[in-house]
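What follows is chain A paired twice: with chain B in the first complex and chain C in the second.
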Partner chain A sequence: MNRKTLLLAILNLTLSPLFINCGATESTEGCPQLEYVGSGPIPTNFTSNQQLLSIDVIYPAYEKGEKFVFIDARPPSDYKIDHIKDAISLPFYDAERCAPSLPSNAWYVTYCACPHNESQHAAEALEKAGFKNVWVLDEGYLEWKKRGYPITPPKREIHENSTLDS
Partner chain B sequence: MKRVYPLCIIFGTLMACDSPEVRRGRTHYEKMCRLCHGEDGEGYLSPRANALTNNEFLMSATDEFLRVAITEGRPKTKMSAFGSEFGGPLKNNDISDLIAFLRSYQDNLSEPLKTQWVSSENNPDLTSGKKLYKQECAKCHGELGEGDTALSLNNPTFLITASDAYLRYAIEKGRSDTLMLAYENVFTPQEITNLVAVIRGFSSAFGD
Partner chain C sequence: MHLPTPKLIFVAGYLLTISCGQEPTLRLKLKTDIRAKEMLRNLHINIRDIHIQPIGFGLTIDHQITPEWIPLPPLHNRIDAFDAQKKAIVIAQFQPPKNRYQRLFLRANRITGINRFGDTVELENVLEPIGMELQITGKRRREITLTLIVLKGIRNPKKLSIYAKDIEVD
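Right, the complex of A and B next:
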């Protein structure tokens, strides 16, 4: 092996790990199915230019059965314990991968318990994928629970079956 | 400081120099932990998300401590359970990779914490300990260890896996480059014994 070949071999070996994933498309396996919280009209009060939207705007739309998707951006271990009734589980770290499996023209509200660190990350991933109508529950999931708004399983049931409820 | 191998500098491809475990662990970290614990594990991007790559932390945290924290999370806090048996995305071998990645930031090898940090010659004085805790620790860790600007100390999962030696080490050495100072020249050994006992007592008040 001459010197030039040896140098090329070393260059190839050292740089190749940087290009392994080029062009690879991530699968959408395990991504959630679309589920709206209601079948009414699209929310009329989601008019803010800000991504963060108050619970006082979101809850009335939810209660009236307006047509949007609630996305629980927490890890599934938290969703499994309890979540907003009719919300789908899309953890913040899977939002980018799963965006292609969801319609970009639907209306979405993401939430977490941080109160909005993980949910904002998920919302940004969806927006990056071309979604136009994405908002974030500003006060977060704990405020939703504190107010006694609908969750699954219902709060009474959680008290009976789990010690993890706050 | 992250460990870097001389040959890696020569070839200029740092990524290729880590072990496969560390590389896989980094992928998990960037996907799931970075958001709260920071780009390089410096911590506190989210309140109370501690500095995971801090050398004092890594020196005193056993692999088991890290594994339980990742697998089970800290119930009733913002730290979720990431272990698959708790409904999370990470299997046991993924968690081992994540631990290998965190360990790659450690300057020195861990050694068993010295026995002098495990036991004290004197029994703890809880009354004095509570007074000192209120004066020096409550401002950041909360009156009952519920956490404030610093992480919570009252979580049962944390207290089960954190030994007395771990707690003493944290108080004595602090966490460099964070707001947690080293108190070994500030508090007497007896005062630190008292504080450890106070922290142990927080578990019973958890969730009240």
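Right, the complex of A and C next:
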């Protein structure tokens, strides 16, 4: 190796770290880890052409332990109070940033309490990132709770004059 | 009038206790995160009302204010969202009953955006109740900071929406 080649090699080693992150987009720091609600087959009933999917289709798949990811698109402070059991927290405003940290070939159902403003924003962000199987819980989280479906922590006592669950 | 020192200390302590007891125990601040700055020159939020909900109650599907919600009288009716992006603005000070509270709900009756050409920009109002963990004991002053976020639509980037983003309780 002559002197010129050696100098080029050193220069390359010195400068290359500066260019490694040139194409990188926003950081995925703090993004959630993937967690499926079940380990069974992928959902077979999620066949609607529409992004919004009824709770009557989603809950049976959840109950059977089919393999999909529930995404809670509400702010983290809402998720902290309670959420669908085994759902992960990915706030709507972080979905675009965090999409690269999630596998695009998994099946996802997003939800919120609006009943589907925040969840739809998150779903569209994932679709924009190339995800093919993204659905939105049409009736939203409050309907899930009202029906007594599994949440974390489990449903608490409610006040008599409460209009809905707590 | 000359008071002996022990009496003076007692009176001073009493006055201090009274004045502390009258201070609002809850202060609410508002911050904004505007992610569509290139589409807006001005953004004003007209506050309709602010409420906090004691723990143990639920939400209606259409996010109605049900009787258990406690109103926090707003200090301002109109907020400049760009000012609130630079520095959190105190929007309410209040002494709510001693209790634990689980949600805050700021409702806006008008959100006015203006673009750089001076035209009105429509914003979708998606403000809804946001969860929090707040305990009012009366002994300690509490401060809540609510952050609102303005986002562009993913499919339709010309559509702007405003949401409750996050809440911090000190």
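One rule holds in what follows: the second predicted complex is superposed on the first by the 133 of 166 C-alpha atoms of A that agree within 3 Å, B and C clash if a C-alpha of one lies under 4 Å from a C-alpha of the other, contacts with A are read in each partner's own complex, and residues count from 1 in each chain.
Everything below uses one rule, namely that contacts are C-beta pairs under 8 Å (C-beta built on N, C-alpha and C of every residue); 3 or more make two chains touch, one makes a residue touch a chain.
Note that this is a predicted model, so its numbers are computed, not measured.
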{"item": "Partner chain(s) touched by A:Glu124 [first = chain B, second = chain C, both, neither]", "value": "second"}
{"item": "Larger contact residue set on chain A - chain B or chain C", "value": "C"}
{"item": "Partner chain(s) touched by A:Glu143 [first = chain B, second = chain C, both, neither]", "value": "second"}
{"item": "Partner chain in contact with A:Pro75 - chain B first, chain C second, else both or neither", "value": "both"}
{"item": "Chain A positions touched by chain B in one structure and by chain C in the second", "value": "74-80, 91-93, 113-114, 117-118, 121, 164, 166"}
{"item": "Contacting residues of chain A [partner chain B, same complex]", "value": "10, 13-15, 17-18, 74-80, 91-93, 113-114, 117-118, 121, 164, 166"}
{"item": "Chain B residues within the chain A interface of the complex", "value": "11-13, 15-16, 31-32, 35-36, 45-46, 73, 75-76, 78, 80-83, 86-89, 207"}
{"item": "Partner chain C, residues of chain A touching it in the complex", "value": "74-81, 91-93, 96, 113-115, 117-118, 121, 124-125, 127-128, 140, 142-143, 145, 156-159, 161-166"}
{"item": "Residues of chain C defined as touching chain A within the complex", "value": "33, 35, 55-61, 64, 66-68, 102, 126, 128, 130-133, 149, 151, 153-155, 161, 163-167"}
